[in-house]
Each structure stands twice: as C-alpha cells, then as structure tokens.
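By letter and in written order, the chains are A, B, C, D and E; residue numbering begins at 1 in each of them.
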Amino acid sequence: MIEYIPFIAVVAMILIGLYAVMFRRNLIKIVIGISIIESGVNLFLIILGYRDGGVAPIFTSLPPGTKYPEEMVLPVPQALTLTSIVIGVAVLALMLSLVMHIYRKYGTLDVQKIRRLKE
Amino acid sequence: MTFLEALLQHSPALVIATPLLSAFLLPLVGRINAKVRDVFALVMLGVTCCFVGLLASDVLSHGPRVYIFGAQNLNVPLVRILFEVDSMGIFMAIITVMLAVIAVIYSWSFLRREDGLDKYYTLLLLVVTSALGMELTGDIFNFFVFLEISCIASCALIAFWVAEGEALEAAFKYIVISSVGALFILFAIGIFYAQYNALNIATLAHLLQFTFLDKFALVILLVSLGMKAGLAPMHMWLPDTYGRAPPSIVLIIMSATLASFYGILRVVFTFYGNVLTTSLRFSLPAHVVIGWILIALAIVSILIGVIMALVQTDLLRLIGYVAVAEIGYMFLAIGASVASLGAPYATVALHGGILHIFNDAVDIGLLFLVAGAIYYVTKKRSLDDISGLARTMKFTTIFFMIGLLAVAGMPPLNGFTSKFLIYESVYQLNPILSIIALLGSILLLAIFVKVLYAAFLGSELPALKGVTEAPKSMLLAMGFLAGFAIFIGLFPNLLLDTLVKPAASALLDHAQYISMVVGGL
Amino acid sequence: MTKIVKTTANILFPFTMIFGLYVIAHGHLTPGGGFQGGAIVVSGCALLLVAYGSSWVFDRIKDKRLAAFESLGAIGFITIAFLGLVFSAVFFGNFLAGSETIFGTTPATGSTLSDFNTGGVLPLMNFAVGVKVIAGLFVIVLVMAYASSIKELS
Amino acid sequence: MDNRTVAGILVFSIVAVFFLFSVFLIHPFGEPGPVQMDDYIITHTQNETGTNNGVTAVVFDYRGFDTLGEATILFSAVAGVLLIFRKVRH
Amino acid sequence: MFSLESGSGFWNPLLWILVLVITFLLFYGIRGFGKSTYKKGTEQTKVFLSGNKETTPEEMHIKASNLYWGFTTSMKSLYSVLRKMHSGNTSDYILWFVLVLAVLFLILGVL
C-alpha cells in the first residue's frame, strides 16, 4: 500500500482538477482546475521514472561509488515532464488572456452567464 | 546519390521543417511588406506541397518510409523519435496541404482590411505543421506535442475577431476542451510508458498485451481524440468554434480535427491491431465491442447534427452542425469496418470512410467558404437578414448549390460516391444503420434547401442593395473546391485506386507497419 | 511601488540575471538548461514589472522587438537542426559531438568533473532556446501586465 | 440538487473508481518494470552525445524533435497572446 | 474503369449522366407540345390568387426561422431535450466528456 501513495496523490490531483472544471462557476477557478490536472499528470510521469535510492542522471561530480544505471532515476520521464510543463505554461498564458478579454466583454466571470453561443 | 534521392530521403523531416521554418520567419518577413508576406506564405506552402507530393509518389510505389531524427540507423531500444510515413498518413497530409493552400488564397481578399495578419499567417502555418506532424509521426509522445500545438494555435486563431465577445467565448471553450482532452491523452501515454518502457507506436503495438491498463488507455484515447474530432455527445464545441472563427480558418481547424480523427484510426487499427481479435468475456471479440461503441456514437452524431442544424438560423453555425453529422458518417464507416473485421464488406466500409474524409474536407470546406463570402459582402450572420442573393452573387450561388448537393449525397457529386460505399457496406452489417444514414442524408438535403431558399432565392431585401459579387481570390478558392467536388464525383475510381485503397490496406496491414520498425532491429 | 521595493528590485535584478544565464550556459553539465534558465531570467524581469509598473517597462522595451528576438531564437534552434542535416546527413544530428572542435570533447565515462567544452550542439541549442524563452515569456508577461493596467482593451 | 449535479457526481465517482483501480495495477513506486530504453540512455549518454547531463541529452538530442515542438508551442502561445492583445498599444 | 464497385453493387456516374440527359431531352420534347399555345403578356401569365391582390415580393418572402415550422412544432419534445443538452456551458461540455468516459469504462470494464 505504502508504495502506491504517490499514485493515489496523482489520482487525487486529477480528480480535484476535474471537479473544479465541472462544478466551479468562476472562469479563473476552471483555469486553476486545468492547471491542477496538468500538475497531476506531470507528477504521474515523474513518479513512473523513480528508482529507489536513485540519484539524478547527471555525471558531473557524481558521488563516487554510484553504480549506474541501477542507481540512477530514469531520464526520459523527466524530459517528458519538462515538455509538458512548457506546454502548460503556454496554455495557461493563452487561457488567462482570453479570460481577461471575456471579463471586459461580458462583465462577469460566471461560466453560467458566459453562454451566448448555445443551442 | 543524386540530389533528388537525398531530397526524398529527408522529405519526411522537410515536410515538417519547411512550414515550421516559414512560420518562424514570417514575423520578420511581415515587417517588410504585406504583399511579400502573403506571397511568402503561399510559396512556402507550395514548397511543402512539393515535398508531400514527392513523399507520396515514393510511399505509394515503395511502401512505408521511416525517418529517424538524429541518427542514421535504428538501434536496439528505440530511444529516438522517428517518423513512419505510410499511405494513410500521406493521404491525410495531402488533404491538409490542399486545405491550407485554399485557405491562404481565400484569406488574401477575405481578411484584406484586418490587422494582425502576420500573426494570423504565422499561426495558420503552425496549425498546418501540427496537423502534418500528427499525421506523419511514429512516436506517441510526439503526437501529443503536435496535438497541443494545434490546440494552442487554433485557439488563438478562433479568437481572431477579438472585438466580438462570442469569438472569445468560443476560443475559451475550445482551449478548455482540448487541453483537458490532451492531458488525458498524456495520462494514457504515461500508462503505456509504465508498462512497456517505450514511446514508439510500432514498438508499443508490437508489445501490447490488452491488459486492463491497456483497455483503460484505449478508452481514454478513444474518448479524448473523439472529442477533438467532434464526436457526439462531445461535439458542442464544434458548432461554437466553426460558427465564430473566420471561415478561412475553419478550413485549417478542420484539417486539425481530421488529424484527430486520423489519430483514432491509428489507435484502433495499428496500435490495437494485434489484439483486436482477442476474446473478452462472454466470448465477445474485442473488435465487435469497439466497433459497436463507435457505431453507437456515430449514429448519435448523425442524428444530433442534422436535427440541430435544421433549426439554426446562423448560417456558419448551421454548417458547423452539418460538419458534426459528416463526422458521424466517417465514424459509422469506421465502426462498421471494425465491427465486421475480416468480412469482405469491412474493407468496403473502410474505403468509404477514408474516401469520406476527403469528401468531407472538400464539401464542408466549400460550404464554409460560401458562407464566408456571404458574410464578407453582407456583414450579416443570420439567415433571417439575407435574401435574394442569387441576383447579385451568381458564382457564389452556383458554388453553394454544388456544395449543397455534394454534402447531401446527391449523385453525381463526390458526396455520393463515399456515401454509396458506406450505405452498401453498412447495410450488410445491419440494415437499420443504413436506413438511419439515408435518413440523415435526406434531412441534410432539406436543411440546405432551406438555406438555398432563404439566402439565395426570394426577393431582394432593401438593406442588401449594394451587394456585389465576392472578390476574385475568394471565387478562385471556392472554384478549386467545387472543381474537386465535380471531378471526384465523375471519376471516383481515380482517387479510390490511387490513394484510398493503399491507405485502407496500410491501415489493415498493421503487421507491416510494425515490422518496418521492429523487424529492422 | 515604494522605494524599498524598488531598491530591493535594483539589488536583486542583476543577481537573478546572472544566475539565469549561468543555468542556461551550464545546461549540459548541471541540472537546468535553456527553459529553466530563461524562466529564471524572466522572473527577474517580472520583478522589474512589479517594482516599476508595466507602463514604465513598456516605454523602454517594445513588444515587437521582443517578438522579433523570439523569432530569432526559434530560427536559431531550427537552423542548428538543419546544420545537422548538412553535416551529419540527418535532421537533428549532433554533428559537433566527438568532433574535437568547439564543444566537441567527449567526456570520460563515469563520474567526471565539469568540462564546459563538451556536449556537441547541445550548448548551442540551450542558448537558442534560452534566448527564445526569455523573449517569449517576457513578452507574454509584459503584454498581459500592461493590458490589465489599462482601462479599455481594443 | 438538480439533475445536472446528481449526474455529474455519479459519473465523476465512476471515473474516480476506475482511475483509482487502474493505478494500483501499475508497478509500485520506486521499482519501474521494464527499463531497457532508459538504461540505454544512461549508459550511452556520455559517449554518444558527449554530455554529462542525461536529462539534457534526452531533451535536446534523443528527443530533440519534441523540444522543437515545445519551442513551437511557446512561439505559438506568444503569437496568440500578441494576436489577442493586438489592439493594445500606447 | 469508371464504375465504382462495392462488392454488392456498382455505381457509374457517366451512365447516370447519360440517363439524366436522355430524360431531359424527353421532357424537353414533351414541353414542346404545350409551348405553341403559350403567349406572353396576355391573361395567361398573370398571377391569380383566388381573387386576392398580389402582394409585394418583400411580403411574400418567408424568413429562414419560419421554414419547416410544422416539422419543428411536431418534434417539440425532442427539440426541448436537445436545446437543454446544448446549454453552451463550458462545464457541461466537460461533463459530457466525463460521462462518455464513464460509460465506456463501464462497458470495457465489465467485458
């Protein structure tokens, strides 16, 4: 059980984010919800690549006596997470600038009132 | 090695790199002169077209082509990203570049009076790049990256008319939907990585066991990509977006949507190709279950699309709902093909589905361009405010009628050819499906007769006295698509034999796709 | 903002800059790289935005110029990839690694001390990405801060 | 509680149960299953790419094309933000 | 070469056009019988609306939202459901996504 706690944290984060997107009415909170989902997925990728007692896969001044590859964490998930974080920043910037404009046009941030496009 | 051979060898990379480099250069080119910028965008897309054509001629005659980034040869664990171009991918790439060229030609006149055009062309080229990348890549994380590029760039383009609140609303909805979908796809990629420690599609397809986690990932991939492709009941973003984006952009967003649809094809046929025939509980084969799920969602899409389109008054939004119905036809064909895998009519259904991708791009694209022309000359969106346009806009009316008949599946236009294959093959699976598909087509005809009557026939309204014909470049763009519609309607076999049949066999022959990479080790 | 904030920002800004540039330059040796270092530099610039106000910064740095810099960074990155096509006959080829020229030393296997002259094209790519991220993130922060400070958009 | 909330909570809990159930089938934290790709990268980073940093080697060399896509995403976000705020000028 | 085979049937657009042209010629011939008695500018071409006055073209035009009135009225219950479904609310879009996700999880989880 104890070794699955990080995975439970991942699921909890994804579900909290999904809850915010589904049931919160404020646009900013929806944006925050998407950010939380993204953090959860990033955490998921990172914990997939962890090896017990591993060090970062960097050879500069590596502690002497470290056996590699057995004592290094996996590098690929870290690279994927890096990509994913930058994607998250880009999405966040675009979403927040849209929210700024929507607030000026609609005068509200309530998602139930921002629905001129329906039916 | 001659120059041409070298070019051919590197063309999978150049297909992506050319539009990408031109997108990076465009803000700098745009500082010189507006005219130079427009020509630059078109010329670079033309160069991309040449590379796609070169690649297509090679792939169709010599089989799939693999390109590895950063190394000459495949080596034992596939750590590098690679492109695997087969007939299906190249078929989609041809559709993408065709739509892009037409959209650029159309934009010349359509957006002449707008500002922010260098950003517009930059983002347009980026969406084209991302759609091409999704179609040619052989790496699942790379697919996700390109999906995100298309999501962000199209979102910014949807909000092009920032002065309208509705455009911003549509853009916000689009980015929420697509980023949530993309994050779920990333979660599924993580599951694959955890189980097999690979990110390459061919390797993963080779290793796939259809464990519970694989089923879980399959559901996430199907639903997320289905939402991006506009499958009901997750289609609501599509009419919003298509109705509020500039119509030239709709063509580009449509190519991204079709690339998501291609993603579903790839997932079902290649990724899970090895395990499709595994028996689940109650001795049901997996492909029957997946096929009927797709068929059910497709039927819902067709019915919701046509029924909702019937009551729309906003022309662009109406065509958006029709696009949902057309997506439903594609999913119907694919679902029927998966459900009856192995039967002779499964191949026919797949041919119909793949041909319908092309026909959908041409027909819906033509209708959007016509609606954009109407908006350009009248500045009105609602069908209630326009009437009698046939008197002044003769060419536009003709193009609209071609698009109308083609979408409704009337012979001898191109919509009929693919729908004919779909009806015939689906009938053998279950006659009721065929009847629903026909009913949808009839309702589509009714919808467009309404539009024809309301917009083009009838008396001339006093408010529309000064209306003239649309500018020449817009007519040229519409003419291209109308020409395609007629030509494919008259000679369907030309397209079917050269592009569609190889694409279908490439999808069905997943063993070849896998052995191109895994066997080469 | 008050004088305390401005003075603190004045003192911290150069250190942030230097640290960010260090992270970019040593991306191939220590944790970090173009993206991370660029983000650190932009956080220093955001400090200026907070301390002096966005219109003060907007007067001094044009967003168009920053966007052009960002394009240049992206073009630099893809140009290095194209150079791989020219010199090692494959797109994204690492043509400098092991060439014993600039950045061409191959480090000894196992734990080594940091040798700046390694990594092939990786330091160059880090630099290009660093330029791109600095300009790109800064223009996003700047435009959004300025737009939120004025009354009327569009 | 209206219908929407009830339906929302219902489907939300179904998805939650499936997510929770699925992650317990993944390998435990700290003991990755197959590692052939990552071990190859760790052992070959220094002589293939000439860099000491395994993560940078993956980001810029082995999966450099992803990084190009990532840079493109940032570029398109900047272009998008500037497009949306194009009317904001002095 | 020009016919599209589907395994159970075929479709030839050129043949279809040939049939269409022949039919048009036939109808053109039939039309010729009545043409001789048709005279322009006489009582024959006047509009007759049961003795009512002819309205102006602007009044004759039916607006798009009024077309298919009968169909939409008879399908009122269906349309009220569909209108409620297309609420235009961003959260609802995600709700539909999660709903489909849950249904498919159940289907593939049970099987």
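In this section, a contact is a pair of C-beta atoms (placed from the backbone, for glycine too) under 8 Å apart; a residue touches a chain by one contact, two chains touch by 3 or more.
Being a predicted model, the structure only gives us computed values, none of them experimental.
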| item | value |
| --- | --- |
| Co-neighbours of subunit E and subunit A - touch as defined | B, D |
| Those chains which touch subunit E and also touch subunit B | A, D |
| Subunit A-subunit C separation of Cα centroids, rounded to whole Å | 23 |
| Centre-of-Cα separation between subunit C and subunit B, whole angstrom | 36 |
| Averaged-CA centre spacing for the pair subunit D and subunit A, given as whole angstrom | 8 |
| Approximate Å spacing (C-alpha centroids) for the pair subunit D, subunit E | 47 |
| Junction residues of subunit E - those touching two or more other chains | 86, 88, 90, 92, 94-95, 98-99, 101, 105, 109 |
| Overlap residues in subunit C, where contacts from two or more other chains coincide | 29-31, 35, 67, 71, 74, 78, 81, 91-92, 94, 107, 110, 112, 114, 137, 140, 143-144, 147, 153-154 |
| Sites on subunit A at which at least two other chains make contact | 14, 18, 21-23, 30, 48, 56, 58-60, 68, 76, 80, 82-83, 86-87, 89-91, 93-94, 97-98, 101, 114-117, 119 |
| Inter-chain touch pairs (all) | A-B, A-C, A-D, A-E, B-C, B-D, B-E, C-D, D-E |
| Touch list for subunit B against partner subunit C, complex | 10, 13, 17, 20-21, 24-25, 27-28, 31, 67-72, 162-163 |
| Subunit B-touching residues of subunit D, taken from the complex the two chains share | 18, 22, 25-27, 32-38, 40-41, 61-66, 68-70, 72-73, 75-77, 79-84, 86-87 |
| Residues of subunit E defined as touching subunit B within the complex | 1-4, 6-9, 11, 13-14, 16-17, 56-58, 60-65, 67-68, 71-72, 75, 78-79, 82, 85-86, 88, 90, 92-94, 96-97, 99-101, 104-105, 107-111 |
| Residue numbers on subunit B that touch subunit D, as the complex places them | 20, 23-24, 27, 69-70, 76-81, 115-116, 119-120, 122-123, 126, 129-130, 133, 141-142, 145-146, 148-149, 152-153, 155-157, 159-160, 162, 191, 194-199, 211-213, 216 |
| Interface residues, subunit C side, partner subunit B - complex | 67-68, 71-72, 74-75, 78, 81-82, 84-85, 89-94, 154 |
